[in-house]
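As structure tokens, the structure follows; a few thoughts come after it.
Chain IDs A, B, C and D follow the sequence of writing; residue 1 opens each chain.
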Amino acid sequence: MAKKLYFYYSAMNAGKSTTLLQSSYNYIERGMQTLLFAPIIDERFEGPTIYSRIGLKQKAIGYDSSFSFFEHVQNEKTNKKDLKCILVDEAHFLSKEQVAQLVEIANKLDVAVLTYGLRSDFLGEAFEGSKYLLAWAEELVEIKTICHCGRKATMNVRVDEEGTPVTQGTQVEVLGKASYISVCMKHFIDMVPEMDKYAFEAETTTV
Amino acid sequence: MAKKLYFYYSAMNAGKSTTLLQSSYNYIERGMQTLLFAPIIDERFEGPTIYSRIGLKQKAIGYDSSFSFFEHVQNEKTNKKDLKCILVDEAHFLSKEQVAQLVEIANKLDVAVLTYGLRSDFLGEAFEGSKYLLAWAEELVEIKTICHCGRKATMNVRVDEEGTPVTQGTQVEVLGKASYISVCMKHFIDMVPEMDKYAFEAETTTV
Amino acid sequence: MAKKLYFYYSAMNAGKSTTLLQSSYNYIERGMQTLLFAPIIDERFEGPTIYSRIGLKQKAIGYDSSFSFFEHVQNEKTNKKDLKCILVDEAHFLSKEQVAQLVEIANKLDVAVLTYGLRSDFLGEAFEGSKYLLAWAEELVEIKTICHCGRKATMNVRVDEEGTPVTQGTQVEVLGKASYISVCMKHFIDMVPEMDKYAFEAETTTV
Amino acid sequence: MAKKLYFYYSAMNAGKSTTLLQSSYNYIERGMQTLLFAPIIDERFEGPTIYSRIGLKQKAIGYDSSFSFFEHVQNEKTNKKDLKCILVDEAHFLSKEQVAQLVEIANKLDVAVLTYGLRSDFLGEAFEGSKYLLAWAEELVEIKTICHCGRKATMNVRVDEEGTPVTQGTQVEVLGKASYISVCMKHFIDMVPEMDKYAFEAETTTV
């Protein structure tokens, strides 16, 4: 029976990795096997590791942009008959091709695919991986967190050591040395000029 | 108080327009005013009209790619103090700029913004409007419908008069003379070769 | 394959019946058959009818407290091979026994069961049907509506002709001559003294 | 501004306590304070402790059936200006009175209330606390877990040392020496005769 592709999305620091590790734990507790994937780009730690701020960590299989999820899972499945679920951390870093492979894994290999990631970067721009996960996942599930004002946080702001918003730089620093805070849209607009630019300074439209 | 941007997404023929008209009705019944928007591109009917297959219809304000939602709503609000909500049909056709304006309407004009649209087109490709609604909306809500197999339908297939899948053509025919059926991802893969291509024939990746 | 029991819950006047009729329409449009059920207690109209404030209506099979859903659906299914879904309006009026039958219909007869109803009555008390639908339904889905203050409405207040809250009377007048408004919890507490009583005047506890 | 009462519900062993501890962590990380509550009935550990199977634990304030949440939170709030959220574990054990107090805390003391608990016991019967949380919470959020068959688990089965279902005993053993497994409704019906009894052997109805 075909399984589903899930995308658990949220702002930074909501507990995505905790939820991922808990879900994997639940599968294993019930006698099913899982595989964990994390991007190699994450250099916070030695080797690909899924790390939760609350104090949990676990080794994972590393992936970069040339990694074939479909091939890897297909191979693993010949050995592990009980492989029922794969879980992908930082899934906003996936390519379109890789998200399509996850779709195929769920529907052709009958393995549930749980992905966890951000929706937009520090300038509000959509990530490639999230764009296709949001378009194709059979289930979109929000992991909620809060802005300092108490409203739900949905956006990410990059800050320097003094806590001042940074609005220059590349998308991939997301997991480098930069710090991030998660805020509601109202505070994102206040702190980052990009949303105003998108709304009022566009030269061209794309319909 | 800042209001929210909602994106009600679903496959074709799920009842998006019915839900839109019901929500507008609810606001008006409680003494609040609304504005309805529909794309001018929809030539099914005379003038911009929101039409529900179940038998409801209502005139709407037409928008094309050069339409400024922010300006329009800001002006209307000076007249209508009770304007509390705007509702946008076929919101996948919005430009990035227009979605950013909807974000600003919710957060600066304190008007709730309810948008309704598809996630992906007949080849599985993401729409521009949906890409940014999925990235920025404070609430993503699915309107469910079913595949002919009984599973949830999440994808759209364009079919000709004989019901054969069509995999050539432009995205905007979506609202022209083409017919569509909504299917689950498994049947989408069976009927449309594009998802296999995305997964296994990509030359380049985009991380 | 076992199907699911769904409970679509909301406050009064949110559009539950509209959603029910749309969902039935979707099934039929895809070549599947449905059965609609409405309580006989509803005397607003001639015969059991599902009526939507927005202008839709449709005949339904009437049920009272002695009606056996399981027997009825089992019989119908021998004739209608394509019976894939039943839809139950005003489902808060169901008995525990009847909700259990709906569970069995989904799991033993492989027919999807979509129920629509309120969570609590005009004094905040839980309905018998809702109590068990909320406990057993595989999917709980909220149909949102708004309070006059703009917040989400989750509670129901009975009002007289002058719009004054009524806090005396029986639960079943819900569908009689009484009028109702749907409000957020904050306004419910302001308008109806019961919640304060539940919180601060209880003589006994029930753990 | 009034805050909301949330009920995070799930079957046993889904990760409710992990989610609770993560949410508390998120509040504290953003400079807000929280209070944690756990039932004294839980004798698994010394003192009231919120324990997560995945390896997290934290001390909590104990509550029994005579505990006044409203009074406690009101007092705490005079000292802690930054108290923004309380989190209640095993919330199915609450009394109606206590759930009503949580409603008042959210709406009158402007403190968010996050509760975590089961919907039904080992015989499928609704818990008192869950009955009113499901009726009154402004947000119902499911924490998903899986049955051994791969479907979503929504029901709880009590088992003895050999893993045989137990269908005799009291509701409160839930947290005693009994073991539990979480299953989908189809497997619950197969393992526990109660649902069939509810559906087909009822002598009286309760509409």
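Quick notes on this structure:
Assume a residue touches a chain if its C-beta (ideal position, glycine included) is under 8 Å from a C-beta of that chain, and two chains touch if they have at least 3 such contacts.
No experiment lies behind these values; they were computed from the predicted model shown.
Remark: rotation between chain C and chain D after Cα superposition is 180° (nearest 5).
Annotation: 25 Å between the Cα-based centres of chain A and chain B. Mean C-alpha position of chain A lies 38 Å from that of chain C. Chain A and chain D have centres, each the mean of its CA atoms, that are 29 Å apart.
Residue positions of chain B in touch with at least two other chains are not found.
In terms of which chains touch, the assembly is arranged as a closed ring, every chain touching its two neighbours and no others. Against chain C, the residues of chain B that register as touching in their complex are 3, 13-15, 18-19, 21-23, 25-27, 29-32, 53-56, 84, 112, 145-148, 150. Note for the complex: chain C touches chain D at residues 2, 5, 64-66, 70, 93-98, 100-101, 103-104, 106-108, 119-120, 124-126, 128-132, 134-136, 138, 140, 142, 151-152, 154, 184-186, 189, 195-196, 198-200, 202, 205-207.
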